[in-house]
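In the two complexes that follow, chain A is the common piece, with chain B as its partner first and chain C second.
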Partner chain A sequence: MREKVHEPLFHIVKRKSLNWYRAWGIRILAILIAFALDALITTMVTGLNPVGVYGAIFKGSFGTARKFWVLMQNIAILLCVSIAVTPAFKMKFWNVGGEGQILVGALATAACMILLGDLPTAALLPIMIVASIAAGALWGVIPAFFKAYWNTNETLFTLMMNYVATQLVAFFVIVWEVPKGAGQIGIINQSTQNGWFPSIGNNKYLINILVVAALTVFVYFYLRYSKHGYEISVVGGSEKTARYIGIKVEKVIMRTMALSGALCGIAGLLLVAGTNHTVTTSISGGRGFTAVMVAWLAQFNPFAMILTSFLIVFMERGASAISSDFGLNASYADILTGVILFCIIASEFFVNYQLIFRKKERKED
Partner chain B sequence: MRNITKTFGSTVANENAQLDIYRGEILAILGENGSGKTTLMNMLAGIYYPDSGQIYYDGKEIVIASPGDAFSYGIGMIHQHFKLVNVLSAAENVALGLKEKGRFNIKKVAARIRELCDQYGFELDPEEKIYNMSVSQKQTVEIIKVLYRGADILILDEPTAVLTPQETEKLFRVLRNMRDAGKAVVIITHKMSEVEELSDRVVVLRKGAYVGDVLTKDTNAEEMTNMLVGHKVTLEIVRPEPVNPKPRIEVKDLVVRSEEGILKLKNISFTAKSGEILGIAGVSGNGQKELLEAIAGLQPVESGSIRYIRDDGGSDELVGRDPYDIQRMGVSLSFVPEDRLGMGLVGSMDITENMMLRSYRRGHTFLLDQKKPHSVAEDVVHDLSVNTPNLETPVRRLSGGNVQKVLVGREIASAPKVLLTAYAVRGLDINSSYTIYDLINEQKKQGVAVIYVGEDLDVLLALADRILVLCDGQVSGIVDARETDKYEVGMMMTRLSKKEKEA
Partner chain C sequence: MGALASLGAFLVSFLPRAVAQGIPLLYGSTGETITEKAGNLNLGIPGIMYVGGISGVIGAFLYEQRLNAGAPVNAFLIIMIPLVCSLLGSLMMGLIYSFLTISLRANQNVAGLSLTTFGIGFGNFFGGSLIKLTGSEVPSIALTTTSQYFSKKLPFADNLSWFGKIFLSYSFLAYAAIIIAFVTAYVIRRTRIGLNLRAVGENPATADAAGIPVGRYKYVATCLGSMIAGLGGLYYVMDYACGVWSNDAFGDRGWLAIALVIFTVWRPDLSVFASILFGGLYILYLYIPTGTRLALKELYKMLPYVVTLVVLIISSMKKKRENQPPEGLGIPYFREER
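Coming up: the complex of A and B.
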């Protein structure tokens, strides 16, 4: 038997519940700690004044009107993908195929613009919208169908669908390359601008931003107030309970993934018709994966995703700024972003658990 | 154990609890749900760590910060949910995690297990795989696992909840042998009859605090219940006479196969009548679950029929329809399944959202009606005195009894004609159990056909009008609950009698 009594310094206890403001307080504190940590690392590693570096990050995002709109446009696209994967995630369907669904949506849009390029924008646009939505939805429904009827693993399936989509785009890039042998499509309909989103005022990104804003509101209400949204929560909460009350689980899985894919398809449409006016295999830029993180950090609340996607895009934009301003390479900004994300994710632990320090109390005798 | 306090968030599980355990004694810990019995024992077994307070062992203060620490003091706990690896044999399960010096020798382990079996009177084949074992055999493995590690203090958390009366007797014999061999045995239980039969001393906990400590021979069920609840209660289940019973559900030659192709129900036939409680007895896993799920439209049926007889005498076939179809046919059927959070409710949703499960399809718009379920939720919480901070609390945060009240409340809120319940009071304390019995009786008085699957024979005999006994997927008899006794039903549960065709 042991001689001495060693009491553990603290132990971990699950919190019963936490006010929303205290929970957010913890999260904000985590971000502040992250910034302080980042500052410390910056000074130690590079010897630069961290305030200057943060200033550069800020300027890189907000410095000029153009930079600001690029920032907003990037947030919009990332937000669009994030709200797209959210219904699936609420259903506990781990859709990591956002990337592929964006790509096929983009490809469908580009195909319409190239093949029907003679049509005026007013006629072409509806076709592009339908095509991109249909393509994205199809890409979402295929894994959903196999999951619903044969219980295949949706994570692997959607992941594989990404590769298929990438190769499809690669194939058509060669088919439609301009000029032959260039290995890229180039700007589609550059002279006619057929199928391009019109600029509002002088702003060519405003349409993208407005579309995503509307979709965000839609997804919020769909999940929170519609019967479909309720069914998604029930299926996600317990498939058995869903069957118990007679929800056709297969149908809900397929319907939800069609929606998820369709929204990704729209993201593809925005990228091609609104932003890039071309299609490449890297057009989605990993947003299908980043969106998973954005959605998760926001706890699947579409409005909170505005904040989380802002944070991530802001850091990315700032990163490219400091790499040019200070001659630090872009990976350095990734380190800073990594520290911030780590702190945010770790803060969830403190939202759910607390440490209890054992009170020092003396024995009676 | 002295002045033990443990809190979970704002919930106090134990407050200044104290407890003495003596060698050579069987101690029963009695308490309602959420009175902190299991938490207190978990702290002794090293699963949880107390916020404050001291534990003494042979007069010396000790610290138990992990199950390993607990074992080093000879404290072992047998949990309600077994922690065994299904594909391994009994001996292999016992050997898991052992840190013995020398080469690993499964034969030696098996031999030692046989020795332990002989010593205390267990029946167990160490070579047998867990998946081939009955619940009671699995429990034996758990007990051996603890004994093998040299435990002197055995803690059993509701060990009889899953056993037949015969198996319970066997377990009690073994526990008495252990006591006589000088070990300390602690059992956590709700069941008065077991406390009286088995224990030497009883400790009563109420709301996490220690209420009292009495020698079993100096007390009786009435007194213990009063200590338990804090005020006087009567321990009687009323059984009103059925009013105007008419056939409501007619099951004929029902055959059900599980997904693995195992025959779960073999030619089941019976009739459930309105205004009557049909009790279903049987060792768990003998087809009760499949029977209820088949009626509720959740279980594919191989052959046979289930007919719902309407008030006007016409009847509808329920086989081959899913729960939504059944609802749309106008058959008002409620089902309180065994796995409350897994099947009847969604744990992450709040009470209001759980109330919507049955009714959310109402209305022709795309949008949900959240107002009506909210008022239903208010009514259920008020009428059944559900103990919850508010209606927005996820139901999985509620205690077992309150979860069950939410589920039963929702199921009877739709004014059903048929009420199916599976182990409606499993894990519930005395107070909550009686609330549920009253609710079920209330439904019976309103002419509902109740099918009540139960495990406590005393309750089944007192509550039901007729009892159908299932054994190995067959009806081994349907008896009048007023004219039978525990032992007849117990025998029927384990052996098929010839009375099959009578009903």
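Coming up: the complex of A and C.
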């Protein structure tokens, strides 16, 4: 009697390696599928034809010079947060506390602008920069300290630090509110513009963009070519190996998170001094979380993050234009972004694994 | 005597509100505990709870539209339609997460955060656009009829003074949350299924070798966990918020629910009490007198988060073996990589 062997329809095998262009081909295909799905959803909700959907998205993000610069500014801030969380992720430290680190950076900046508002910008700016970096770094080091010495769960720790930061901002918003009882600070130093980033050639966002561009290059080289970058990737690969070759793991964790937090603090600085000139509890707008995905989608490559953050911001701006055109809720953008994220996450599977299907029934004997 | 009486009066007014705040957290943490016991760290819970809430709202909204058209209220349908819609909505979310992380072995943190982005967007979008999309003429989503059925107290609650207020003044979803939590705790700790589930979460390779269907356990646990968590959203909107959906009102309760899982060392029976404690901390700022310094209230709102941090630190310093997370938490399982 022959034993009956059940062979599944397909089985999964890990790929040895995949050419970079085929890997990116798979990812781009996933993004195209996501775009098609998004168009389908939009058509169902609004009745626009799918081509019209992308026309509207394009117009919503590139339509006018002002829209273009707002788009660029949003990309810059998201990119800044994304490169900020990257060193920590390379170390397998799940910093989902970007939100809080941005907030304390923004709060420190605003505090300097309010309390030292009489100083001229030239004297005020260095103080603001130092304060925002220090605040962000502090917010990053606290969870890192406990992770390094007691292996405290960093995901939850950084998450909770977000809410502590939110309440801290809420507290100071009421302390400094103008006028009393307004529940908001309003534009800081509106008349003197002390502590505001100067416009470069009439463009008030350009300085933000340049700062972030410089930081992106810095993080790329820091991770790729510096001794610190090497230590980060060894610790991320295996803590035991790192200890064995004499790396002080605790020090690396704390130093990297200080950097991560400091860069988020700079994002807060850019938001307050360069963009909004005020501070609110929602100033970071969920970028701390979005950045996690932006960084991951780009496979932790700072330059690829320019593309992924463009993709996310482009969809967000476009979708919010569509939703305001049709009187729908602005959260529409989150749904479209979610679909794109799901598709790209799914595509990683096909980059790393391949399916081998069951061969046709062999000859009966 | 006077102080005692006022303390009693305070408790009678404070405790029921703490419980009402705690129930969504309890649903969320029970669901997340089941998921984590199978080795999946589902950071999508906040999104799932939004979807659970809004799906129930959509179902109830459509049903109430029919009521407005003159149909009589059917007590069975008015409860079942939102309930089933909510369960289906969160099941859909659970399936997306499971497919990505279990079948496709995606990174759980990224998949979970995406799910949260999507879910909160889904909730706010339909919350903000439902009226426009269905072309109805009501000014806002206020499901008062449905809410009346969902928030029915036990019949004899009003006759038993303080005892009734503290123990009997809740709706069926609140009691269901507590029952589900205790049953879950029992199943996880005392039954064969629970043993298998824990084995899958601790060491999937060993569980696989022992003949436990790892993938099936992970799928069922994650989807079941999502559905339970989604009920928290339904409870919040139908009972706590009296059927009124307002965007972002649910807030960060989903994240607190995830924190509760660690706070309670993966034990839903402890979560019954811990969630009420958290619910209390969540609203304690309303009871602390601040005089004219209103800003202080914002600092008191930090309490639940600070307490979570302190517990997190202490539990990681003590390193008791039975208080550790499942060994395989957050790691995708691939048989051929053993």
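Methods note: the second predicted complex is superposed on the first by the 340 of 365 C-alpha atoms of A that agree within 3 Å, B and C clash if a C-alpha of one lies under 4 Å from a C-alpha of the other, contacts with A are read in each partner's own complex, and residues count from 1 in each chain.
Criterion: a contact is a pair of C-beta atoms (placed from the backbone, for glycine too) under 8 Å apart; a residue touches a chain by one contact, two chains touch by 3 or more.
Remember, predicted model here, so these are calculated numbers, not experimental data.
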item	value
First, second, both or neither for A:Phe218, with chain B first and chain C second	neither
Contacts of A:Trp24 with chain B and chain C, given as first, second, both or neither	neither
Chain B or chain C, by number of chain A residues touched	C
Partner chain in contact with A:Phe145 - chain B first, chain C second, else both or neither	neither
Chain B versus chain C as contact partner of A:Phe35, first or second or both or neither	neither
First (chain B), second (chain C), both or neither touched by A:Ile245	first
First (chain B), second (chain C), both or neither touched by A:Phe62	neither
First (chain B), second (chain C), both or neither touched by A:Gly338	second
Doubly contacted residues of chain A, that is, touched by chain B and again by chain C	13-14
Interfacial residue positions of chain B with respect to chain A in the complex	7-11, 49, 51-52, 54, 60-63, 65, 72-73, 296-298, 322-327, 335, 337, 339, 341-349, 353, 356-358, 360-361, 366-368, 370, 389, 393, 397
Chain A residues within the chain B interface of the complex	1-2, 5-8, 11, 13-17, 225-230, 233-234, 237-238, 240-241, 243-248, 356, 358-359, 361, 363
Chain A-touching residues of chain C, taken from the complex the two chains share	41, 43, 96, 99-100, 104-107, 109-111, 113-129, 132-133, 247, 252, 255, 258-259, 262, 294-296, 298-299, 301-302, 305-306, 308-309, 312-313, 316-317, 319, 325, 334, 336-337
Residues of chain A touching chain C in the complex	12-14, 45, 94, 96, 146, 150-153, 155-157, 159-161, 163-164, 167-168, 170-175, 286, 289-290, 292-293, 296, 323, 327-335, 337-339, 341-342, 345-346, 348-349, 352-353
